[in-house]
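Only one structure is covered here, and it is reproduced in the block below.
As written, the chains take the letters A, B, C and D, and residue 1 is the first residue of each chain.
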Amino acid sequence: MTNPWTDIKNTDLVVIMGGNAAEAHPCGFKWVTEAKANRGAKLIVVDPRFTRSASVADYYAPIRQGTDIAFLLGVINYCIANDKVQWDYTKTFTNASYLVKDGFEYADGLFSGYDESKRDYDNETWEYQVGPDGYALVDETLQHPRCVWNLLKQHVAQYTTEMVERICGTPKDKFLTVAQMIAECSSPTKAMTSMYALGWTQHSKGAQNIRTMAMLQLILGNIGIRGGGMNALRGHSNIQGLTDIGLLSNMLPGYMNLPVDSETSFDRYMSTRAYKPLRPGQTSYWQNYRKFFVSLMKAMYGSAATLENDWAYDYLPKLDVGNYDILRAFELMKQGKMNLYFCQGFNPLQAFPNKAKLAEGLSKLKLLVVMDPLQTETARFWENHGLYNDAATAKIKTEVIQFPTTCFAEDEGSLVNSGRWLQWHWSGGTPPGEAHTDAWIMAQIFVRLRELYRKEGGAFPDPILNLNWSYADPGEPTPEELAKEMNGYALADVADPANPSRKVFQRGKQLSGFGDYQDDGSTAGGCWIFAGSFTEAGNMMARRDNSDPDDTGMYLNWSFAWPANRRILYNRASCDLDGKPWDPSRKLLEWDGAKWSGYDVPDIAPTAKPRDVGPYIMNAEGVGRLFVRGMMRDGPFPTHYEPFESPILNPVAPKIRGNPASRVFADDWKQFADIGSPAFPYAATSYRLTEHFHYWTKNNHVNAVLQPESFVEISVELAEEKGIVKGGWVRVWSMRGELFAKAVVTKRIKPMICDGKTVHIVGIPIHWGFVGAARKGFPANVLTPFVGDANIETPEFKAFMVNIESSSGPVA
Amino acid sequence: MTAPREHGAPADIQSGDAVSGTHPVQVHRYKAAARINHWITAASLILLAVSGMSLFTPNLFFLTGLFSGGQWTRTIHPWIGLVLFFSFSLLFVRFWRANLPVQADRTWLAKIGDVLRNRDDDLPELGKYNAGQKFVFWSMSALILVLISTGIVIWDQYFSPFTTIEVKRLAVLAHALAAIFAICVWIIHVYAAIWVKGTFSAMTHGVVTGGWAWRHHRKWLRELVVKVDGSKAAEIPHPHSATGPSSSPRRPS
Amino acid sequence: MFPPIPNASVAGEASRPRFSERDLVRRSASEVALPTTRLTEIAKLIDVTKCIGCKACQSACLEWNNLHEDIGYNHGVYDNPMDLTPNTFTLMRFTEWDNPESGHLEWLIRKDGCMHCADPGCLKACPSPGAIVQYSNGIVDFFHENCIGCGYCIKGCPFNIPRISKTDHTAYKCTLCSDRIAVGQGPACQKACPTQAIVFGTKDEMKAWAEFRIKDLKSRGFEHAGLYDPPGVGGTHVMYVLHHADKPSLYAGLPDDPSISRVVKVWKGVTKYFGMALMGAAALAGLAHYAVAGPNKVTEEDEDSAGSLATGRDLQPPRGHA
Amino acid sequence: MSGISRRDFLRTSSAGIAGTTLGAFGFTEVQAAMVAAVKPFHLVNTTETRNTCTYCSVACGIIIYSKGDIRKGEHADIVHIEGDADHPTNRGTLCPKGAALRDIVKSATRLTQPMLRKPGSDKFVPVAWEVALDKIARAMKDDRDANFIAKNADGTTVNRWLTTGFLAASATTNETAYATYKVVRSTGILAFDNQARV
């Protein structure tokens, strides 16, 4: 989230699209009801189903899953056509005026530079025109035919109301009502917030779904302001934190990334990370990359990371492919190329697509290690549960070790919420039986492994032997030790560059913020964006002062928010070019002639003059990007692609199937239903219910009572067509598997007309499995396709094709 | 239960009804089985009245103490109800013929004033039962039918799913009213037995004196005597015979 | 937002119940001495228009009251369990309604449970002294040690709320978390409610809050929005804000104009007196008659006549044949 | 952070957001002897601990009530979990999952001892921590030594290990995540992922 949960109360319009906040985030949704009750705010829900969010919405519009980009580009088109643009914001705070290279073009669903054999682009032309001074060329008048604004206009022109209806199945009048309500927020005094979640991410073009709304929010001037923003409602209590700390195949902590094979040396690696400003006088914060990187390597490898060995650059593994995400990992498993696998509080057999393929992969492992507070299907993938899990137990040679871990109530530390708040919590209960914390388990494994390498030597032992593990008890680092290390600390006395006699800080002291980070090895810091969370002043994450001057919803003294305790990202954009708030009634910051001050921590240097520095300092341009250059694999502009399994051909690019830049493994192609296949005529989508959390709460008796048994949701029309009765059993099957469930026949789902064809929706909640308190059932992933988003490989759980029939139920 | 009678025998003579002895005459009115049946019915009716009334009005809730508390009272009341129902059903089968109304009942009712004033002289000769007794018999039959059916409806422990709350409300009201009337009828029944001397022995020993029969049920007595004269000797109970009919009386000492 | 009630204190002193038997205004099948000072009337306000049907209230109720509900089945709807039970004091009821005026589908979700009537039908019907009580703050509570499980409360309730447990054979329903309210907390369901569709306070505060909500709803085109505080039962201490207050029954059969059934009133009222009177009269009539007319005795003549009839000597013709 | 200082804080801050007048309630004071009627408040004399809901990323503040104080080294048995009214985001509210947190902590399917499933076996058997941990370390070393890629075909140093993968939790603390990160990265594992996408 760019904004905190509590800020949603400041909005005028909430758009819930690609999510279902009322059901998935009820307590955060409270702030939507507050905005409605106190500001007269409106709520729009756009979803294939009339959800619980829709039940309290002012307006609901149906949409076929997987067509959000068409819908939103349609809205952008509407705003441009009707002059509903926050012009000052768009001209000064976005790259609308930037000129794009002449080679760049879009035609028939493809951008320039596509290579079908690689399913990838050569994005060399997706760049700005750069002048002799090395700065990007711009045309403030927006007249130049190659300026981003005109290219965008041209790009969205085809997404007319008719085209939107044809693709999305959203009736024209409903789309127009939504477009009008959104367009109103182009006024500087009107704010709109976007609340989304997996409904946008779990598509083969998930990242572009979100980008499209971000673009819309930019031209409406809604980023950086109170009541605005792009609010990703993260699904798990600390998934934000794990992403921040870079527990991903291609990441380093703080959104730095791992080197790739071509980056043969540290200098080569840094050469692509100079982040020189693209406009005169602009701040480009990533210019500090080296400081963050060196400090990380000092935290990781201590004295073993030196200037001489490029700060142990070679200790880092290099990537030969984009990333080793979950899909690739299980593909490798299936190919028998994976021997050991660890699942820490994770249930992939339920959570990843195509259960049959997952089970096959797990069966080829030598050793599977599961650490979890609860029983999981993954740990028991070898157990035969008839139809529910028809494993050939005796044939499965995988050895499985299952460790009991503590849960939230029994451990101490910090979690990062959607609003980037790092909240510390304390242990309130004694762990059951022999359960241990995950940190203890990891430490125990590490000290044993290190000991083996110390004794026996072996393949490149250096990073293991030299890993900085200087904890009081190497067998169990304390949360405090680890938190302090992530914050960063001084390895040497550091003098103030301005006045060398004055020490900025002393050896061994905690750093006060990432501004203190050095690139000469004098500071160590495990996660630069967390700098400031645990300073000499103490544990900032443990702060619990809920005072909120003037009820802005910022709560600056409650816990700590990264970066730098900032509550709203890009908050400088809440003011006009001269530093005055766009909406005085919603003041966040203000330039008082000498400095920025207000209710939040400024996103730029407190003394940076308004007209000198743009608000988007993490971009070399200093502005928001309507045109994203080469930074996304599937194009600098979003464009509509059908899901890989779809009821119709792509109306805007009939030749293109799915996302042309998505990676698809050979065997998985064979398991896709053909476009419009009569064998799989119904458009399915999977989702969560408010009574359950993923595959955890089926272990909870109370939640099992509230939603005891698996079901699928279909329209009254489809039920009649297929002779399915409310509460009766149905069988649902796809190219990859089948499930049995009860039928919830509802008016809340209605068939839609897409490209002249009636499309029926089948809704499939994901929560059931073969362990736990709830009734045995099938997880949705027995059906889902094994393909991910072109940029980050998020599986396409939200749009696939199935067939359905009335059934007598599972005969196990 | 009535024994097969030869063709044309009066309806109000039941198996075991017989005259024995000469002076004093003894008339066998109820044989043991009928008496046991009656007393089971009587006992359950009394228990039901007590437990029922304890739940009917707070002033009598203390009576639940007799059944070791409200929970137990609530639990056993319906079971006793079943006992009453089946036990009374037997009585019904025994007595319904003898309680069929006849012409004389009208005359008797017309002279109800004399009855109450104990002026029996010019009342019609009656069969085994007078109209009053018949009223008790038939009203009890009807009320018990109402009580059992409404009782089942409000027996939540087993039958709550089968009726709506509205029906249950009507049932509980009907049950209460029927119970009230049943208790009144019972009072009349008991009082009559106290008022009309010589009645109790009918239900204690099964025997009434000839005089009692002569006074209150002369027609019935005559029928019995006629039966004695005009039928097989075997049926004449002999006061001195050791092997008389099952209901052979003890001689008053 | 209606400001949250501060976290509870766990210190022994602070958490001593602040009302008790002394504050009873009604006690089933018995009389109570009315308290000299009455407690502030409290109420729970359920704003159906803010409710997202998440069942947090159900969950919190089960947790706080340590209730163990059975795991059921899916019956083709979101409701679960399908009805209130001795362990489910509160239940979300879902209704899909096509609004003929707007042409829009509306998903009406109502939290069902005890309404804590000012004139409680359950208490009126209860035969067991002290099994059901009403405090002067409006809470209607069941005392299980006094409950005999007769189910009269079910017949008395205009909202069909109480349920009899098959295990201990006593009646159960929402207590309004009297144990929490007694220490200045709100009920568990209200504390949990994510959108604060459930708020709790004095009845006056709740009515004022409802007004504030109804204004907002009318501004959004729900011209029939209103407060559900049915006078037929003297008002309730659980009230609803409805978008369609003109049609309460839309919300899974919420009674349009609830009151204690006339049948129950007759049963618990006139019948009781009439019955006792009638029975008494019957007994008295007997006594009186005995006193006046005296016993009806069998005379010696009767015996002789019987004797001669039996021996056939007496040939006196049957009376009436003469 | 001791329960006491949190209590003090709760008082002060909750004073800031005075809610219904119910706190005062105009209740008649009653003798302890008279209170038999109302069920006793079952959180009396429990230990409170501030924590955060383990489910979604709204990160609702919760208070864990336990018999026994773990900070005093006592055995702490969790009796109840409820929303923290002082938390800016949830204001004491919880969703149907959060409201039932106690039952996930106490779930019948909670794991309490290390288990091992042998190849081809149809059951888990208990195993000692020491044994299991040694087994894992050994398996890791053998696999890493056998399959570690120090240089790629072009002779570039790549130092990667592709035959072992690690999935990190989504509900562990940052501190656990960081410890995990250090261990996994130092081995050269690339198939390293978290639950961000699912």
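As a convention for this text, a contact is a pair of C-beta atoms (placed from the backbone, for glycine too) under 8 Å apart; a residue touches a chain by one contact, two chains touch by 3 or more.
All figures in this text were calculated on a predicted structure; none of them were measured in a lab.
S.K.: Among all chains, which one's averaged Cα position is nearest the averaged Cα position of every protein chain shown?
M.R.: D
S.K.: Counting C-beta pairs in contact, which chain pair has more, C-D or A-D?
M.R.: Contact tally favours A-D.
S.K.: Can you give the whole-Å distance between the Cα centres of subunit C and subunit D?
M.R.: Using C-alpha averages as centres, the distance is 42 Å.
S.K.: How many angstrom lie between the centres of subunit A and subunit D, each centre taken as the mean Cα position?
M.R.: 22
S.K.: Once you find the CA centre of subunit A and the CA centre of subunit B, what distance in Å lies between them?
M.R.: Chain centroid spacing, subunit A to subunit B, equals 87 Å.
S.K.: Roughly how far is subunit B from subunit D, centre to centre by C-alpha average, rounded to an integer in Å?
M.R.: Here subunit B and subunit D have centroids separated by 76 Å.
S.K.: For subunit B, write out the residues touching at least two other chains, lowest number first.
M.R.: none
S.K.: I need the residues of subunit A touching at least two other chains; which ones are they?
M.R.: Residues 26-27, 30, 690-691, 701-703, 706, 773 of subunit A touch two or more partner chains.
S.K.: Which residues of subunit C are in contact with two or more other chains?
M.R.: 1, 54-56, 58-59, 62-63, 194-196
S.K.: Just spell out which pairs of chains touch, all of them.
M.R.: A-C, A-D, B-C, C-D
S.K.: Where on subunit C does subunit B make contact in their complex?
M.R.: For this pair, the touching residues of subunit C are 29-30, 127-129, 146, 148-152, 154-155, 160, 164, 169, 261, 263-264, 266-267, 271-272, 274-276, 278-279, 282-283, 286, 289-290, 293-307, 309-312, 318-320.
S.K.: State the interface residues of subunit C toward subunit D in the complex, per the touch definition above.
M.R.: Residue list for subunit C touching subunit D: 1-12, 15-24, 35, 37, 39-40, 42, 54-56, 58-60, 62-64, 133, 141, 143, 175, 178-186, 191-196, 200-202, 205.
S.K.: Touching subunit C in the complex: which residues of subunit D?
M.R.: On the subunit D side, the touching residues are 7, 10-11, 14-15, 17-30, 32, 34-48, 63, 65, 80-86, 90-100, 102-103.
S.K.: List the residues on subunit D that touch subunit A in their complex, please.
M.R.: Residue positions touching the partner: 1, 6, 9, 13, 16-17, 47-61, 64, 66, 68, 70-71, 75-78, 81, 86-91, 93-101, 103-105, 107-122, 124, 127, 129, 132-141, 143-145, 147-148, 150, 152, 154, 156-198.
S.K.: Could you list, by residue number, the parts of subunit C that touch subunit A in their complex?
M.R.: 1, 49-56, 58-59, 62-63, 68-78, 80-81, 96, 98, 104-107, 109, 194-197, 213, 216, 219-220
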